[in-house]
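If you scroll down you'll find the structure; I have some questions about it.
The chains carry the letters A, B and C, assigned in the order they are written, with residues numbered from 1 in each.
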């Protein structure tokens, strides 16, 4: 069995990296190796995980500098004997080892509005064409791994923006609500408010790292920015609104 | 004296999966002060792993479908052990719960005329599962989570409850737990508790369950004095991944078969035709052309690939034992040769992704290996059908942790609907009870302090037992001796070994301190797992027949006598007590649905 | 306190733990962009002194040609029109991504620390002006039509009639690539149907949705069309100039020019 050469962050802010050697087998992923480490050499190694199938988004970490899911990172992508650096997410406050405090996300979640749908026709159920929901279903794929939030330089390198900018995951959430085909109060004011959309400089790292392959920038953020332009910066629409009242 | 972070609520919901969240949403909307406790972060519960869909007789694809047909399918799938009233409520209310999720923002796949699309699944006579591709559970969790957040629920994330407390009159009074992050002790004073902790899969070696499935709720209820039923009925899902080792047990949705996939042995033979039980013979195709026609023509008999899960799991087990399995001990599931790559990718996107990324297998090009994996426990806390109350006043249970709804075997798709149908009812029951109490039941502080001291034990003392090693031993034991096929002698051996594990647990030692220490967490969970493992084993000894998710090599057939009883367990002063109790009897108008002989359950 | 936290972060991450050559992409993109900027500036400035039209061909950097009599001889007519494509590309979402990474190092690559101490994104002047992208898009669409007109005219030699030359093919390809770039524009995709929530309600909306699907295909390859069209504009200009100044000979069916 080959041996993995791990360098894992241990402890809180005053901690340090520790080196470990762990054997691994065919088809194993980084999370398997971390579990082995836990069961044999470091019983109190803190790591979050649930499904180990890329569906729950709990085991996010930075592996050789790349934010990704430990359960979806196969050991085969590394050279044998290569040093593998496993660090906690940088954008969040460190609790211990590989676990960070992501509770700020749940505060952000509260700020995004809830859907408010049109009632169905009397005696009928709600009708929506598949064509209408295709676009929005993409946003529902989000597993809330918060890797997009971790990689986003707006908050990663500038923590002071955390309050002004909800971040990519919540732009996806906003898009999900704002583009719902049956929402009866199109969320125009919310979109105009933007939740910090103007801080995004569309450098697309969120899209690059998304394990679900959601086109966060092209399908959520930019369309929201364009809707925001409709509300705030489009002179033709301003004239239209002045002449014909609120559209 | 230990210090506690103390909170007071009307209703305390333990578990934030589909059932827990739905219960909390209901209780809080009725005006009860409600908190939800989850071992993981909010939105990570095992419900996200549910793939195929949510069974509800809406009749959008087949107008012939209605609640009676769904009820009949559920009872027959459960080998008639189900609590008929729960099965009836479930079949009647599931469509409303689907539409409710839609109202809250869920986007189910659509029919051409814009209604909710439904897909075929094992044991369901008509295409009945509302779904979102193959990630329906994720959709449910996310929608309920957002609903809860906007309703202002208090959520205690990454907290584990270790014991429930009762007052001097035997009513629920509160619970003790700890914050996983810091190890701080949490004390809840609560008038009512809803258990929604999910399953027990981590007691077995090969399981589709996440680390959270440690039977917490089953154990909490047992310690509090509630009854368990049907604990011997364990669902081994027929199709888990078997290779590579790292993903062994990971679920492959039944949707693969629902959408046209078929099981084959190493010789390429579709072996399910050899395993059609008498109970389903009348409605199951015995030849390939008819089976293949069934997907689009419901007037012919259905394919045996979609027999209930217990039948399929046993069939795979037999094929492998007979030497017709693959090198990794599974059989082949083939959809590649039967459906176009575009179809597969659009219908089963996360399966495609899962095999591509974790096994390097392209399911649109080749067949892949599958084998049984412990997936679900039908048994659980015994509840009354209307409001999910237990024998303990103030204690409610919903979802996988409760028993009765699914009888001897659960049909695919009935779980997601179970979560919201009974989650809502449990929330309602708990809120009504709590709001109806004139004064809060009083906690006995001595009980609390005693428990708190016990919880710290694995961190203290000079024990040498590694919690991970005990856990591995338990899982291996249960897999080998209380697995798919059971015999008296092995079950008795298992009891002896469980007793020795219990003894080892008294000497368990977790390194490190209380701050985010998974070794300590596991040591505490182990007590729950070992208790429940014993209950399962004793119940399995008691039921001397084969039925649904309980197969005895020494009693290979169903017995009419055992078909009339539930196995009920509780913790008495001298340990686990097991007894038989007659099944509740359904009224004649429902019994009529089975006039053609539903209850001669085969084995 | 803060200093402690920062040093812990530094210790934990340094600038980055990435081991791959993350700097290659921003370096190549930045270099490519700079090379084009340099070439096009020189090409436009020297415009009048180094012929940019010959026979039926006209360099795309001067299309449409606006050369009123009062224009001083030294002033390049390219300046009268170049603001439009320049503005379109400068405010383009893809180019923004590229120059923010390569020139502003904001960030240089994913999960690589950004050097600047503060960051306000596109919330303040001047970057807030990026919101005018859709106006440049309207103008760019007009230019696309004009470039196609120019491409068609390149098959018609005044005084001689219909024919074909390598230059006409080059100009046609150029118009095609520029069109593909415009069709993939995020603003166009939004304008045609992106603002709708329900596509199926009316036949017009379904038609708009069809267009949205087509623009989406181009949009997914926006980066590719951005580079292809940009490089090809340069090559087209170079080709026509080399022909116009007699450095190389165009192969064509006409007798004169």
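In this text, a contact is a pair of C-beta atoms (placed from the backbone, for glycine too) under 8 Å apart; a residue touches a chain by one contact, two chains touch by 3 or more.
Bear in mind that the values here come from a model prediction, so they are computed numbers and not experimental data.
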item	value
Category of the chain touch graph - line, ring, star, complete, other	line
Geometric centre: closest chain by C-alpha means	A
Chain centre separation (subunit B, subunit C; CA means) in Å	56
Between subunit A and subunit B, centroid-to-centroid distance (C-alpha), Å	29
Subunit A and subunit C, separation of their C-alpha mean positions in angstrom	31
Shared-contact residues (touching 2 or more other chains) in subunit B	114
Subunit C, residues touching no fewer than two other chains	200
Residues of subunit A engaged with two or more neighbouring chains	128-129, 180
Complex contacts: residues of subunit C adjacent to subunit A	4-5, 8-9, 11-13, 16-19, 93, 96-97, 100-101, 104, 106-107, 110-114, 116, 118-123, 127-128, 131-134, 186-187, 190, 194-195, 197-200, 206, 209, 219-220
Contact footprint of subunit C on subunit A as seen in their complex	9, 13-14, 16, 62, 64-67, 85, 87-88, 90, 94, 128-129, 131-132, 151, 153-154, 156-158, 161, 178-183, 186, 198-205, 208-209, 218, 222-223, 225-227, 229-230, 232-234
Residue ranges of subunit A touching subunit B (in the complex, touch as defined)	25-29, 32, 38-39, 43-58, 72, 74, 95-97, 99, 101-103, 106, 109-110, 114-115, 117, 125-130, 133, 136-137, 140-144, 176-177, 180
Touching residues on subunit B, where the partner in the complex is subunit A	40-44, 46, 48-49, 58, 99, 102-105, 107, 109-110, 112-116, 132-133, 135, 138-139, 142, 146-147, 149-150, 155, 157, 181, 210-212, 243-247, 250-251, 350, 353-354, 357-359, 466-469, 472, 510-513, 515-520
